[in-house]
Each structure stands twice: as structure tokens, then as C-alpha cells.
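Labels for the chains are A, B, C and D, by order of writing; each one numbers its residues from 1.
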Amino acid sequence: MNRALPTDLPIDDALVKEHGLRESEYAHALKVLGRVPSYTELGVLSVMWSEHCSYKSSRIHLKTLPTKGPNVLIGPGENAGAVDLGDGLAAVFKMESHNHPSFIEPYQGAATGVGGILRDVFTMGARPVANLNSLRFGSLDLPKTKQLVPGVVAGIGGYGNCMGIPTVGGETRFHESYNGNCLVNAFTVGVVAKDRIFLGTAAGVGNPILYVGAATGRDGIHGATMASEEFGEGTEEKRPTVQVGDPFMEKLLLEACLELMQEDCIVGIQDMGAAGLTSSSVEMAGRGGSGIVMDLDQVPMREQGMTPYEVLLSESQERMLLVVREGTQDQVKAIFEKWDLHAAVVGRVTQDGMWRCRWQGQEVAAMPVPLLTDEAPAYDRPQSRPTWLDEAQTLPEIPEPGDLGAVLLSLMAHPDVADKSWIFRQYDHEVGTDTVVKPGADAALVRIKPGAFGQDDHGKGTKYLGLVADCNGRHVYLDPASGTAGQVAEAARNLACVGAVPLGLTDCLNFGNPEKPDIMWQFAQSIVGMGEACRAMEVPVVSGNVSLYNETTVGDTTSAIHPTPGLAMVGLYQGKLPQLNPTLPAAGLQIALLGELGAHLGASIYLYHWHGLERGMPPQVDYPSERALHTALRALVVSGEVPYLHDLSDGGLAVALTEACLGGVGAKVTLPQSTERKDALLFGESHGRAIIAFEPSKLAQVQALIGDVPLTLLGMSGGDRVVIDGLVDLPISELDQAWRNTLPEFLS
Amino acid sequence: MAFDVAVLTFPGSNCDADLRWAVNNTPELSARAVWHKETDLGAPDAVLLPGGFSYGDYLRCGAIARFSPIMNAVMEFANSGGPVLGICNGFQVLTEAGLLPGALLSNRDQKFICETVVLGKEGKDTAFTKGLPETLRIPIAHHDGNFFADQDTLDRLEGEGQVLFRYLNAQGERQSGAAPNGSVHDIAGICNAAGNVVGMMPHPERASDPALGSADGRALFSALQGFLEAK
Amino acid sequence: MNARVFVNLKPGVLDPAAKAVQGGLHSMGFGEVQSLRLGKVIDLKLEDRPDAEERLKAMCEKLLANTVIESYRIEIGD
Amino acid sequence: MNARVFVNLKPGVLDPAAKAVQGGLHSMGFGEVQSLRLGKVIDLKLEDRPDAEERLKAMCEKLLANTVIESYRIEIGD
């Protein structure tokens, strides 16, 4: 059995604690193993039972999300989720966080985040067709932010651009709660013929296990446990654990894997992500209900003198693990050789349900697979509603500003609203020749070329993927349940603006320390809200990721980020290419509001930015009218009668209207009679609304297309000013400058 | 019989499929993928080098790809007067190979730039540029597209009509410094003295379909078709 | 006053560029190359100051080297 | 045998990267930097061969430097 290696440390309480295992967790391991674990095993337990790999605080909550539906092919649990696109095609997608590594080394942290999510998708046989990213930084005037943003953006671009996967959208927000803990969430979607999806399963006793890709170094050892710890003053020492990415190697891996997947060799395949060789082999055995034996000496190593502990826990990037059919090894190796990659047989599938590793002839680990997977600890952590919410959710007396134009101008320059082209100009968003709606719109639209994946659209027209990432942390902070529900609605609304029907969503749940009941309550409530909205809107959750412990300790105060359940939604549009314009295309168009007038002040960016208040309840979603609005928007897109649509979100009606004018064609509108406050009418963030513009002669057609959805005629396009009768009258040029200059000014 | 257009694939090329698609969308042109490890090009009518990050663009863009086995055949094809077009990384490979003068340095602001630019077409007629409109809207996407050449070379390029594309300002006017990447004389594309080897940083294949916002890039592929037909 | 700064990846940090260059040299027939490291060298011309060395160190820490993955060495000339 | 190769842009070739670094240093308060050049340094470990130097030169000419814009210098160690 396990014998001590010269490099092993004696197992004592201190070492167990250092590995992040609780007493009760360690006791459980002792009981199941019937002995003290070896040093190598302790390392493995530590990473497999870390929050990052085991989802021990979140598992019971995630189980409540709706994950099934007529379009779901693969739900959570695999490397990524998959939805049916019809005509034999599937979209495979997932979002993942790389927050902690990015804070420590922004370029490499963000780059390897992109690399990791790309592998999750092509592991399943899908060719990645687009990336999104969701970013959170601290205040823009902070020196640390000015260092992080360029690094993160260059890292995301550096990896995705080199791989040749377009980054077509995303969202970026700035808030002081992220000052010491930025968020970098990366999303990838791929397309595959639905009968060619590969899973991460180890099956078939005796089948060889192949390792392919970069050699293993000492990178990121304990990266997975690090991601589950709060940031503190001792963070610096952990720096060498940052991994460096090699997108060129990954491009070769991508092409080689996709080529190999054309053949009938692979039984199961999984990338090595967090906890590297350990988690990939354990999870494959877990899904296959099998065992695995690995000969760690066969693992290609980059450095001298590595120990089995290091080989197993390394997080070197650009590596894959494959189970192939016995007898096909040579064929597999030949395909990898073509791409200058070397595959090594490192083990076999067994039937004893054990995960075994050998090193120089000795067995250094032998643990039952379920101990590391299903039987990993899971907690129902205590929750309590934060007491400060009582006050925060009420709105105090707020003076109404005299000059609402000045408010608008200042909101346009707020970094959350301001032009993000400084960011997406650094991302290749055109490679692939399919990005038909580019960054800067409500959602991106990416074409799937007819026949590109062997599909036949049966005369229904070309397929387009609608893609959007959304999260308003302020709404969630002020009420996690309805705030999160609102984000689901908003994401679907953004898709509707490009005509797409939502098929599924993936999430990346960024929260603070779950051991604190306040935070755990935020988390649990957020999931309740997401579940409710997903059920109401019939959008299943097919994959996701949880990032906890997003907190910073400075002196003796610890502060958590705003709860940030990042969402990315994938939708389908099929038919004639929608003729949409990024801004109002011409003068003389009728501008109208779809949905209720709305005047919800609570939780708005206006309150925060102008009055310094994060107060009030976020706007609530009325599901039937929200869904009716989306149906109407999609009908308008399909009809081709409406050349401009834009949903209302941050900053409400006034900001949306200004955004419509940024192409140079102005607008002159009048708000309908209302008893509501003017600032609430202009800047309130009620859900369920969009503005549209169309030829006045088309009014009857528009009305016929939108059914019962309320339509308010606001005014006409034209001129070079944004005029909201009696309230705002500003030249577009001034608004445009405010909007355009913020990011370059702070970041260049 | 369609004309045979060889589109090379180096390890790290990522616009090869896009380029084949654009070629195949051109009447009478048929794209054929050629792997970098080949030594024989076959008998193509034209050779295209795609964009991407060959060998990760480590060391210098295009430096390692230039030594791919297939490149000997490309040099031979070029030296015998065959039409060769390098786009983006392909342009970098051609300069590294010495088939085109000058070099591509990192962008002025040290950032990757992806955006649609306005190009002015000028210079001598080539297989890829004959009959092109005066201005074209085509996207760029690169980190190292900052064209540099010494004064003598520049004088020659300018004097002999070897500057084929220049970055214009947003209004489509010539303006010194209009190049978003810092290129000397705002140069976006050039050809060799004989005019058969062309390199450009902008991606015509990404502007070869109205769905993508511009179809101006199609003109280059149509020009090639016209050139091959007239031959 | 002149100074030269060498910046190299720390040992153990993946160096994909070096790997690609070594592969390139091998395939070009330079099989004798057993290993290769790529680094940066920065030559600076500076105003003389008594605290020059200290300030150079600060430049390295802040900008010239990414100390998370790189190490640096300063050589002061004349 | 060890060798070190320095690769620098030739004088007269605009160096956008160096300009950016110098700009960065200035804006960080290091105004004493009067000029700055960025170069590459390549450390090689080679099999001993009698024609090592000649071959190193060939590596530089062919791959390590682009002699249109760069110059190189070889230092042979032991």
C-alpha cells in the first residue's frame, strides 16, 4: 500500500489544516480510508474537497435550478452544457471565473481564464465560435484599477485573438466593492453536430488513458484552494502559483482534438482545469462509475525533480486527458503528431472503483472514487438576512435635481454607461467572418454558415446565435432574489432585441465568504430568484460556475464584493438576416416606447451616481408582460419593419434614448402626462421596456405585430440634439464626448 | 474549370478557413488548403497566406513560419511571377521571407486593434488590386501592423507605385498619421517590384459579405478572378 | 549615466516563446541547441542622481519587470 | 557550451514599444529617463562543435534577428 516517499511530509494536524481540511472532513477521510492518507492523498483530498472543485457550499442550492427543457441536450455536470439548435446542431457553452489569478497577474490570469473555458467547450467536440467576458473592477480612478483593466483586457484579447475565436461581447462595470477583488468571467460557445458530442467519461475496463498537450510544470499548484480563500495581506507569497498560458499550444490542441473527434477512437475526454490531472481523472472515473490507475512517471514533465504530489496538483495549462478505445492508441498519436503534439499513455481504466496512482513502482495514492466526487463534503450553511437591508431597501427623501440635462450628461460619462470600445477594440471580434451584430449592441449575433457543421436547415434559413452577458450587481445587492430575477429578464430582453429566442443560460456566481450567514443568504436568495425567473421565462440553466470568498481584508475590516451572479444567455434566430442598426439610422422616424412608462427609482445608477445612494428595492419583473414584450420585439425584428430597437436598462429611458442618438441622428420626444417624478421617468430602471423607431407610415403594422404590449409614441428622430421636451436639450456631440472619453481618459 | 487557389495553413493560422470561404464565394475561384509541412504546392494559379498567429507569433510575427517546408515552393512560385497575397500574418510572413520589403513592428499604442478602417487604393495594377474602387472599408485586426521601411525603400515604394493601400481618415481623406497603428506613410499594403507579390494588413475576407457590414473586400478576389481569366 | 536591466522569466515559469523558437531552430537543422531562454534587455540613459540605483529598482518593480513571473538584474554603467 | 545573443532594433528604426515604456516611466514620475532602448537577449545552451560560432551566426541571420530592422551581437561563454 502507500509507502512514504522521501519528499513526503509527516501528516499531522497542522499539515491537515494547512490543506484547508476541516476536522470533520479529515475524520471522514480517515474513516473511509481506514488509515492515515499519504501526503499525496492529502493534497488530492485538499483540492478535490476545496470549494472550487466540490461546490460544497453551493451544491444543495444549485440543485434547485431548472436544468431541463425541451431544448436541453446536456445540463450541468459535464464540462459544459448543450442545447439543441435544430437540424442536427447543438450549441455548447459555459462561463467560468478567473478572479483571483487575474487580480494577482491580470494578463496571465485573464488569458488562462479564456484558455480554460475554451477547453471546456472543445473538449465536448464543439468548435468554439464566440467568446464573451464579464468584468468587474474597482473605482476607475484607483491606481490598481488602472493597472488591472489594461492587463485583463490585453490578456483576454491575447488568448482569444491568437486562438482565432471572436470575442463578440460582454459587460464591464466599476464599483468600489471590487477595489480589492476584481472579477473576470469568461464565456465560450461552440457548435457541434449533436450526435458528435463527447463526454468526460472513463469507461471500458482496460482502455488506455492518454495525456496530451503541454508538459506538466509546477504552475499553479494549489491554485484551486487559493481560489477558495479570501484575499489577505499574505496574498503576495502565493504569487508564483500563477500559471502562464500558451494560446498557440491550445490552438494546436483544438485543431488536433477536433480532427481526432472525426474518428471513432475517443471514449471520453476532459481538459485539465482546476486541480489538473487529479480532478480530470477523478471526475472521468466518477462519471463512468469506473476506476483508474495511473503511472505518474509517464506524465510528460517540464521540470526536474517533481514529486507525485506536484504532478497531480499542477495546474499547467493546455493539457487534455483522453480515454480511447484499446487498439487505437497509434491512430490517436499519429493525429496529435501531425499537429506537433505528443500523446503519452499514462494509465488505464479499471473496474475496482478506485483511483490509484503509481510512482517509481510504488502506489502513492489509492482512494475510492466516490470519496472524491459524490461523497465530497456538502454543507447547508447557515443563512441570515442582513439587518442593514431593512434600511437600504427603503428610499429616503430625495431632492429632484433642477437640471436633468446635467444629470444625463454625467450619467453618460459614468464608466458603467460609457463607451466600451476601448475594451472591445482590443478583441478580435471579426475572425470567423460570422459576427453580424458586433460588440456595442444589446446582444451579439453570430452566424452559423449554412452547411458549416454538416447541417441542412431544411429551407428554414440561416441560423444565428444571439449572445449576451448581463449582471447588475447593485440590483442584486439590494435584493438578491428579485435582483437576480431581473437579470434573467434583462438578458432575455437583450436577445429579443436581435430577434433571438433564448435557449439556455449559464452563470458564474461571484459572491463573498459563504461561511458568513449574510453572504450565504445573498447566495441562496440569488439562486431562488434565478430559479424563479428561469422557470417563468422557460430558460433552463445548462452550466455554470461558482466563485466564493471574493473578499478583501485590509487591516481588520473585511469587505465583500457586491453579489455578482453573472449570467450569459444563448438564443437562436433563424431566417433572413435581420436589418438592425446600431443607432437611429435616419431622421423622420417615429420613436416609441414599448412597455409601461415605468418610473422605478430604487437601486438605479442615477441614485447611486448623482445622489450617492445605493438604496431602494430593485425593479420587479412582471413575467407575463416581460415575455409579451420579448415576443413583440422578436416579431418586429423578423418583420424587418423596425430598423432600430434597444432595450432600457442602466440609466433608464434618457440613457437609452441618448444611446440611440450616438450615431449622429438626434431625437425630439415628449414624455406623456404623468404624476411621477421627472427624474424617475427619465432615469428609473423599470424592467419590461424598450424603445423602437420606424417609418411613421408603418404604425399600423407595428401595432399589429406587438399585440397587447403598450406602445407610447414619444416623438421623432432628427436634428443633432437630444431633446426631451422641457427636461433635456443637449447637442449629441456633447453627450457623445462624455460617453466616449471616460475609458480612454482613465486608461490611456 | 475553376482556378486553383492555394491557401496555406501554418500552425497557428486562424483565418485560413475564412479565406477559403471568401475565395470559394468568388465565381471561378476554388480554394485548396495546403498544409505547411508539404513541400509541393501543386500547380496553383495563385497562393494566399492567411492571417493568424503562426507559431504563436513568438519571437517575431511570421519569423518561424517563414521556414516552413512549404515556403520554398512559395518562393519559387513567387519568383516565377505567380500571384501571391499575404494578409495580416501572411503579410508578416512575406516580409520575413524577404519576398516583400520592410517589416511590421508593434502598433504605436502597443495594443491589439480590431476595427474597420477606410483604405485608399493606389499604386500599380496587380492581380489583386486592378480595378478596385478608390476607397474601401475593410477591417484590421492585429497587434503588429505598424509598417516600417528605411528611407530608400520608402522612396522606391512610393516612386514605383508599390504602395497599394493607405489608411485614410474616417472621412476617406488622406491625412498624415491616419494609420491607427502608426505605419510609416500610413501604409497598409504594398507589392514587390514585379507587382506579383502583395501584402496587406487589412482583412478583405472579413469584408466580403454585406452581412458583415462591408463587402468591399470582395473586389480583391474578383480582381484575381479577372486577372486569371485574362491570362 | 547609463544602466542596463535584464528581465527574465523566473525559473519554473512556462516560456512558450522559448519553446517555439527552439522548435524552429531544430526544424531548421540547428539540432545542437539544447535549451534556450528568451529575455529582455533594457538600456537606459539617465540623469545622474544620487539615488539612481534605488530609483532603477523602483522602475523595475513597477514597470519594467512583472515581478509575479519575472526577475530582473540591474547593471549600472557610466 | 553557452552563448548569449543580443538583438536590438537598428538605429533609425522607430521603436514603438520603447517609446511606450519611456512614456510610462515618465508618467510614473521617473523623469530622469532620457532615453531607452528595448532589446532581446537569447541565452542558448549548445552542444560543443568546432563551427559553433559560425552556426550561431547563421541562426541569427536566419531566425533570431530580422536583419532588415535588427542588429545582433553574439557573446560566447563556456
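The definition used in the following text is that contacts are C-beta pairs under 8 Å (C-beta built on N, C-alpha and C of every residue); 3 or more make two chains touch, one makes a residue touch a chain.
This one's a predicted model, so the numbers in the text were calculated from it and none came from an experiment.
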Task: Touching subunit A and also subunit D, the following chains - done: B, C
Open item on the list: Suppose chain centres are the mean of their C-alpha atoms. Which chain sits farthest from subunit A?
Closed with: D
Open item on the list: Counting only Cα atoms for the centres, state how far subunit A is from subunit C in Å.
Closed with: 36
Open item on the list: As a quick test, compute the distance in whole Å between the mean CA positions of subunit B and subunit D.
Closed with: 28
TODO: State, to the nearest whole Å, the distance from the C-alpha centre of subunit B to the C-alpha centre of subunit C.
DONE: 34
Open item on the list: Quick check: how many Å separate the C-alpha centres of subunit C and subunit D?
Closed with: 10
TODO: For subunit C, write out the residues touching at least two other chains, lowest number first.
DONE: 16, 20-21, 23-24, 28, 38
Task: Multi-partner residues of subunit A (each touching 2 or more other chains) - done: 246, 248-249, 340
Task: Residue list for subunit B, restricted to those that touch at least two other chains - done: 55-56, 58-59, 63-64, 67, 109
TODO: Identify every two-chain combination in which the chains touch.
DONE: A-B, A-C, B-C, B-D, C-D
Task: subunit B partner contacts - residues on subunit D that touch it in the complex - done: 12-17, 20, 62-64, 66, 68-69
Task: subunit C partner contacts - residues on subunit A that touch it in the complex - done: 104-105, 107-108, 214, 217-219, 239-240, 242-246, 248-249, 302-303, 316-317, 340
Open item on the list: Quick check: in the complex, which residue numbers of subunit B touch subunit A?
Closed with: 11-12, 14-15, 18, 21-22, 51-53, 55-58, 109, 111-115, 139, 141, 143, 203, 205-206, 208-209, 211-213
Task: Complex interface listing, subunit A residues touching subunit B - done: 154, 157-158, 161-164, 246-249, 251-252, 339-340, 424-433, 435-436, 438, 447, 449, 577, 748
Open item on the list: Quick check: in the complex, which residue numbers of subunit C touch subunit D?
Closed with: 6, 21, 24-25, 28, 30-47, 49, 52, 55, 58-59, 62-64
